[in-house]
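Next come two complexes, and both contain chain A; in the first it sits with chain B, in the second with chain C.
What follows is the complex of A and B.
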């Protein structure tokens, strides 16, 4: 059972992840499963990587997004549970990061959408389906327009 | 309008969907749409930026980045796709053939928001289209889903009921070839199988059926055109059945040479054992006024009307296939009439113009709805 004081960390032995433009792409390298999270989910992942507690993550979300403490807490607890279930994060016993200034609510908080962990369980099947390609030499009728303006 | 065609597969890869998509791209451009194609950079030396008859084609290493699970490469590809979407600023993204590359569509969906139209050209690799699958999420997030046949749409709606209110059938279409149909050769009847040489196409059943007809039609010949993994087995089967000299394996045929090839056939045979999503070869045959013997699977009964434009038989039944072929060879007047009926019906129901009209109408509807949604979301003027 997770508590709000718990801190999580990426399961680095099995997981590769990156956040770009607020979107997190996560790969479980042990089974080739792909995941993504956008917006609030991207922030959550960055804060997990930064070693923050669930309580701190909730505070950061509430300070930046137009959402109640209660809703943010419910979403963070749900998402943390899903990430653990997928073995993407583990409980962290490392020392907490240096304490930063308390979150203050921005006056211009962004619209909130509950974060989702998007799971792509069929990626392996889809990649297996994509055919091994022939070489161009094996396409005898290759049309002459390739690479030329038509 | 600015249309981004996103396809898991595109020329020079050839299948029914790829042939259709290439024609749709050109037809959209003729209607003054700005069109680009985004497609995987396959594992061969195809250029990353090129043109198909004037339509810009951008190939990205989607499959390699995903298969390698290389997070840096994934990010780099994502950035390149995002840059292209920002620069092109499509009014609609029209995704054909949903596959692994859809992952990158989602990673760049917010870069430039545009309605998503998904066109299904075939069943996916599995029937599980749950919320935790890429194909399932793609269908659920689409603003509209079309399928190339009623059979395929029914299957998709069964698997993802959420799409029922925002989905429809748009049958594939083709232009009438410039070449006029030739009379059906009857003295030396020629049967034609055309398509990828894979088990799903059932060309082995055509060989078995043809062998059983050898005594009744000693002058008949069978042409199997196409290439694929099953070719060695089919060639061996033909030899074992004593059909050397009677069966010709023609190999790949360029799409623009297909009408001339079909013109040499008396009957076009499609013994598919898989659920053909549409069966573009049946349409190509119909446009050349050829009667068709096909299996009663998937979308084929929508293209081939039993006893009017051809004959439908149960799949995996080479005996029934042989009898249907024999009937058309023994009754040339019926065969001619069916071919002509097939051509008239194809021109009426399956023209490329009708198909593209339907897509363009849908683009307009989606753009309009997106504009209304944006207006509703905008804050009211003070």
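What follows is the complex of A and C.
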């Protein structure tokens, strides 16, 4: 069970990720699944990478977006749970980052949309090189059975 | 003898945790080198040597066996060097035809079922990589930049073995030379490359071939060697001039139909086309990458282009390209990020009229050039 004091970190042994223009692109190299999160989701991933607690992430979201604490908390808890379920993040026990200035609500907060983790499960396509191999059946990989060839 | 396929090492392939068989690389490579030497010694008049440039690197190919030598290099023919050749190739490929030379590796009992099979194995230290296909066995020594392979050449050799030979050793060798092989199409106009990225079925091959047929130069429809130059720009390198097409896709390109090579087995669903036999003057080796096109089929009468975000571009090019790494650490994700940050990306929405594709790609290039 996650608490708001928990900090997460990317599961670097399995995951490659990058936030580009606010959109997080995440690829799980262990199973070929890949993901995207834009806007609030991109901010959340950046703050996870930065080692911030869920409480700090909620504070940052509320300061930048036109959303209530309650709604932001519900969305962050849900999304954090999904990220853990997909094995994209793990609980962090590293030292927290230096404390930043307290978040203050910006006067021109942006419109808020609940962040979504978009999941792409088309692993079959990923495996299909051109040309797709008709059937991938393993054949025995033998050590040489004779001393010399020919 | 123990079946080594029962032991696996956790190597990632195609983005999926998959066990690759363990290869006793040093012993196997030594055995193959001996066998190739025997093939040369007993068939000196059947040894043919030629030179190629793969990703700007000189490659020497020596083949024992006349039929094999004639057939197996066709997918590389556009990369063949003319004139004088440096004595120091960066890669040596030695192949022999088991049937013509009667020098056989005897890796296992003859298989009754001729079905497709593809097994890749690596040595525990990662130095050697082997790939076994139904009629082909190849082994790469990554430290020595040397590939040795045996092929039992006959009419039964799969078109997948003929059309894209030595795939895994070559992909690995390119990666080792800091040229990341990605899953994409690549065409060019006036020395400006357009990379087509997307999942299977997105329209990559269709877009690539439509551009080729309309006068673009061609580099690839699936494997592209991606090189980042020191100043940050990207160059794309061709690996093969061969294309595999489903029957429906082939019907869209009537000019290719007479050149289609069909497989002998029912599960060889695609036809092979060697573009060197159709468009020998339009095949290019390397080109600077100017734009990234993300094809996708839409239910609309007309095709159109529109800018794509960097994230969308990374989603298109990333997952299917991270397939040949030995480990997550060297999977090349960082370079793909650099690519989408450097190169302008556009959705190429493919409407019902596919003849519009080349014009849209021309527009896309013009947009990338700021005009």
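Heads up, the rule we're going with is that the second predicted complex is superposed on the first by the 124 of 150 C-alpha atoms of A that agree within 3 Å, B and C clash if a C-alpha of one lies under 4 Å from a C-alpha of the other, contacts with A are read in each partner's own complex, and residues count from 1 in each chain.
To be clear about the criterion, contacts are C-beta pairs under 8 Å (C-beta built on N, C-alpha and C of every residue); 3 or more make two chains touch, one makes a residue touch a chain.
Note that the coordinates shown come from a computational prediction; the quantities given were computed from them, not determined experimentally.
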Return first, second, both or neither, reflecting whether A:38 touches chain B, chain C, both chains, or no partner chain. both
Of the two partner chains, chain B (first) and chain C (second), which one does A:30 touch, if any: first, second, both, or neither? second
Go through the superposed model and pick first if A:108 touches only chain B, second if only chain C, both, or neither. neither
Contacts for A:20 in the overlay, against chain B (first) and chain C (second): which applies, first, second, both or neither? both
For A:122, select first, second, both or neither according to whether it touches chain B, chain C, the two together, or no partner. both
Between chain B and chain C, which residues of chain A are contacted by each of them? 16, 18, 20-21, 23, 25, 27, 29, 32, 34, 36, 38, 120, 122-123, 125-136, 139-143, 145-146, 148-150
If you look only at chain A, which of its residues touch chain B in the complex? 16-18, 20-21, 23, 25, 27, 29, 32, 34, 36, 38, 118-123, 125-136, 139-143, 145-150
Could you pull out which chain A residues touch chain C in their complex? 13-14, 16, 18, 20-21, 23-25, 27-32, 34, 36, 38, 120, 122-123, 125-146, 148-150
Of chain C, residues touching chain A in the complex: 1-5, 12, 14-17, 21, 23-24, 27-28, 31-32, 34-35, 38, 102-108, 111, 115-119, 121, 132, 134, 160, 163-164, 183, 199-201, 204-205, 221-222, 244, 267-270, 309-311, 314-315, 318-320, 322-323, 325, 328, 331, 333, 337, 340-341
Considering only the defined contacts, which chain B positions touch chain A in the complex? 8, 11-13, 40, 42-47, 50-55, 63, 66-67, 69, 71-72, 74-75, 78-79, 82, 99-100, 103, 106-107, 110-111, 124-126, 128, 130, 132-137, 251-254, 257
